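First chain A sits with chain B, and in the next complex the same chain sits with chain C.
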Partner chain A sequence: MTRDELYDRLEKDLRDRFGDQLYSAGIDYGMLVVTNPPELHHEIAAWAKEHEFWKFNHFIDITAVDQYTRFDTHRFEVVVHLRSHTHNLKFRYKTLLPADRTHVPTLTDLYAGASWSEREAYDLGGITFDGHPRMTRIMNPDDFVGHPLRKDFPVKGLHRGSFPRGTVVSNKRRESVVAKQTKPKPADQILPRTPLETRRERVRGEDGDA
Partner chain B sequence: MGVTQWPGGEAFTTRVSEFVGWARKYSAWPMPFATACCGIEYMATMASRYDQGRFGWERPSFSPRQADLLIVIGTVCIKMAPVLKRIYDQMAEPKYVISMGACASCGGMFDTYSVVQGIDTLFPVDVYVPGCPPRPEMLMLGYTKLQEKIQRERATEGARR
Partner chain C sequence: MLRQVIDRAIVEETPEREYYDLNLGPSHPAMHGILENRVKLDGERIVDCESHIGYCHRSFEKLAEHYSYNQVLTITDRMNYVSAMANNIGWTLAAEKLLGIEVPKRVQYVRVIMLELNRIIDHLVRVGILGVDSGAYTGFLYFFEQRERSYKIIEKLTGARLTTTFGRVGGLDRPLYPEFKEDIYEWIGPLRKVLKEFHTMLTRNRIFIERLRDVSPMNAERALEWGYTGPMLRAAGVEYDLRKHEPYSSYEDFDFEIPLGGTGDAYDRYMVCMEEMEQSIRIIEQAVENLPEGPHHADVPEVYLPEKKDVYSNMEAMIYHFKIIMHGICPPAGEVYQAIEAPNGELGFYCVSDGGPNPYRLHFRSPCLYYYQSIEELLRGGLIADAIMTISSINVIAGELER
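What follows is the complex of A and B.
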């Protein structure tokens, strides 16, 4: 089958399986794109992986997009790319998180490779993945404040790490400007510390200075 | 300073500070801390065409405890800042710091949440070498300036700072 035929069949299969629960499905920039509510986030991946014909065995990426005020219905999108080596076919599905929801189920039980990508999406986008074995920051320091790829995050940051002189650059002006534009949001989700982090903090000392 | 005749041969007299400074300025052991593209320019400085050994900093020491000149080459992220601070603390006195490139000196174009805005927020810096990236000649000029500074130091001061 050609790729167009494969996409037609995949779209039909997805509609047969999930029906009206899908928001949309169609070809976008040469790839099948599906949008769906968070309830289907884990189900679509499980279906695509286990399906005897499609066998989407290759997890490519999971990432989060902050649409901010672009849509009235939702702010965050979680985008997943999957590939089937059997058919040399990729497809993408976007989970739209209604209102201020910032959590979806993890895909690490299906694809172990999702672990670091989900941590990245948490670190930079602030999306938490329920059931992830270690939902902590992956690139920024553990004591970093905020999620940098959110649209309301000041470019220069809220926090400059634990330096001897306290801060590197004062961000006070930028903070106040941003605070006016920002809608009130739930407090940043503070996760329990792992034993390793607790030990590291003890070694570093109270102020976190290495 | 002057050469005088002495029983058994010639001798010269000088001040201890000048002699120690003269010895120190030609015997720095640099610790290159290369994190970004400036590191390529530093490699050129090290290699045969420019040859930093001509000026006395022959031997790059990749262990901070056997080094007395820290050359910070490139962008330093805030996650790397504690590591760099520890490297600086491990070096023995007297120690000197060259900040190579715009990023190490002031953050450069990375005026963002994740980049240290100049390593002088972590520890004192002796010589700043501007440029993005600076050419090997500029780094050599920076080192020459540092040599002048080392020559001017008083040897009996003990810990410099």
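What follows is the complex of A and C.
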């Protein structure tokens, strides 16, 4: 079958399975694009992976797009690309999230490869993935405030001046942290003892000399 | 497999064993870039690993939303700095797909030549450093001489060595220099010889094989789930090469083979890379042989800047020059996913346009991210010495990983 025929069949199969729940499906720049509500986010991936004819078992990409200034109906889109190894076919499905919703189920239980891209989408786009084993920031420091790829985040960043140690956002908070850091602590209070050190101490105590 | 079972048995028998925590990185001579791996050691065995990235994050996706379509090229230079031209070409292809531009055959062939040249450079560095990490420094020096010779050609073509900014949306930024073909022929001869020498030095070397074989194997099914592409996936035995499966830039004109591995261990990755270099040379030879004549850019005056001398003498050219500089290139609203077979794997560009002069949203699908996120699984149960070989063999480049 040619690629167009395959896409036609895939579109038909998707419509048969999900029916009116899909918002749209069609060819865009030579690739099948499906848009769907957040309830279907996990279901489409599960269907596509387990389907005995299609077998979309190759994970390509997941990312989040902020359509803040473009549409009134929704704000965030979670875009997933999957590939079928048996048919050499890629397709894209976009989960449209209404303005008040910023979370979708994770795909890590189906595709291990979704792990870090979902963390990236959380860190930069602010979409939370429910059920992800480690939903923390990946590119930015843990105490970073805001999600840079949202359209309301200024390109210059929210902080002023250079990044202080510990990455604090406003100047007010920065001053207090800098003041705190001026009193250095003795090293042994900061670092926990390593197993080697405890072992050495034991040996030292028995021998009586350093 | 057996080794992993034994390891698990040892670990389970002694749950209260004292583990030793070790920070591999962020700044470590054996780390390729600023990568941090916190490993938990039981003797020399890695019991657990936790990986952290982000030390090299430069927020390219945000920057790209404020750059014009041609300015984004300078960002892509700095992603995979070992093969900058592959990124440049990938981005120009994505922008051209969005704009609906068909570039002349000559441009497509030149792009193929430069893509393959960059693949060779990338693999030379990758394999050379694999040798260094396993204790064979000599091969690295052999390869770096060849890499230097490749950069001579790139320097002649673009004026830069690493940050090439090669090509523009709609064609090449300048015509080829006259003796380009001779330079390529002159470059290929010694390269073939050195590849052969490298094979005799390492491929059947007992120490090298023992260091690489059965290190961090990955089966095909799991590799697909992890999102592996490129040499890493082919080493696991899956035939997937975008040059064959989704041809772009006239790759369907060339005759070449896709090398495949079996177990997906470090030695297979090494062998796949070595064979890919041979195939790349074949493609370059065919492309240079059949290089068509023609213009160095498509006839798209609203996208491609006119010649400077025309701007001063020709009314049309001046208008287009003004329009492109002041208003930028404005593709129709829409979104496109264009992927190329970069040396490291599938490099994808997902670009959303709202009809303005800047991309509304640009996402880079970097191959490294998908390899490197599996590092915790790859390292667990192995030796600490194998960890270095694993990280070296997957060729993670921090600039592309974190963008």
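Definition applied: the second predicted complex is superposed on the first by the 158 of 210 C-alpha atoms of A that agree within 3 Å, B and C clash if a C-alpha of one lies under 4 Å from a C-alpha of the other, contacts with A are read in each partner's own complex, and residues count from 1 in each chain.
One rule holds in what follows: a contact is a pair of C-beta atoms (placed from the backbone, for glycine too) under 8 Å apart; a residue touches a chain by one contact, two chains touch by 3 or more.
The model shown is predicted, which means the values in this text are computed figures rather than measured ones.
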Contacts of A:D61 with chain B and chain C, given as first, second, both or neither: second
Touching partner for A:P141 - first (chain B), second (chain C), both, neither: both
Partner chain(s) touched by A:Y111 [first = chain B, second = chain C, both, neither]: second
Per-residue touch tally on chain A - higher for chain B or for chain C: C
Touching partner for A:T128 - first (chain B), second (chain C), both, neither: neither
Which of chain B and chain C A:K156 touches, first, second, both or neither: first
Chain A residues contacted in one complex by chain B, in the other by chain C: 139-141, 148, 153, 155
Touching residues on chain B, where the partner in the complex is chain A: 78-79, 81-83, 85-86, 111-114, 116-118, 121-123
Complex contact set, residues of chain A against chain B: 139-141, 144, 146, 148, 153-165, 168-169, 209-210
List of chain A residues in touch with chain C within their complex: 28-29, 31, 33, 57-61, 63, 65-66, 69-70, 79, 81, 85, 88, 90, 92, 111-117, 120, 124, 137-141, 148-149, 153, 155, 194-196, 199
Parts of chain C lying in touch with chain A, wherever the complex brings them together: 18-21, 53-54, 57, 59, 61-63, 65-66, 97-98, 221-222, 224-228, 238, 240, 245-246, 334-337, 346, 348, 350, 352, 354, 360-361, 363, 365, 369-370, 372-374, 377, 402
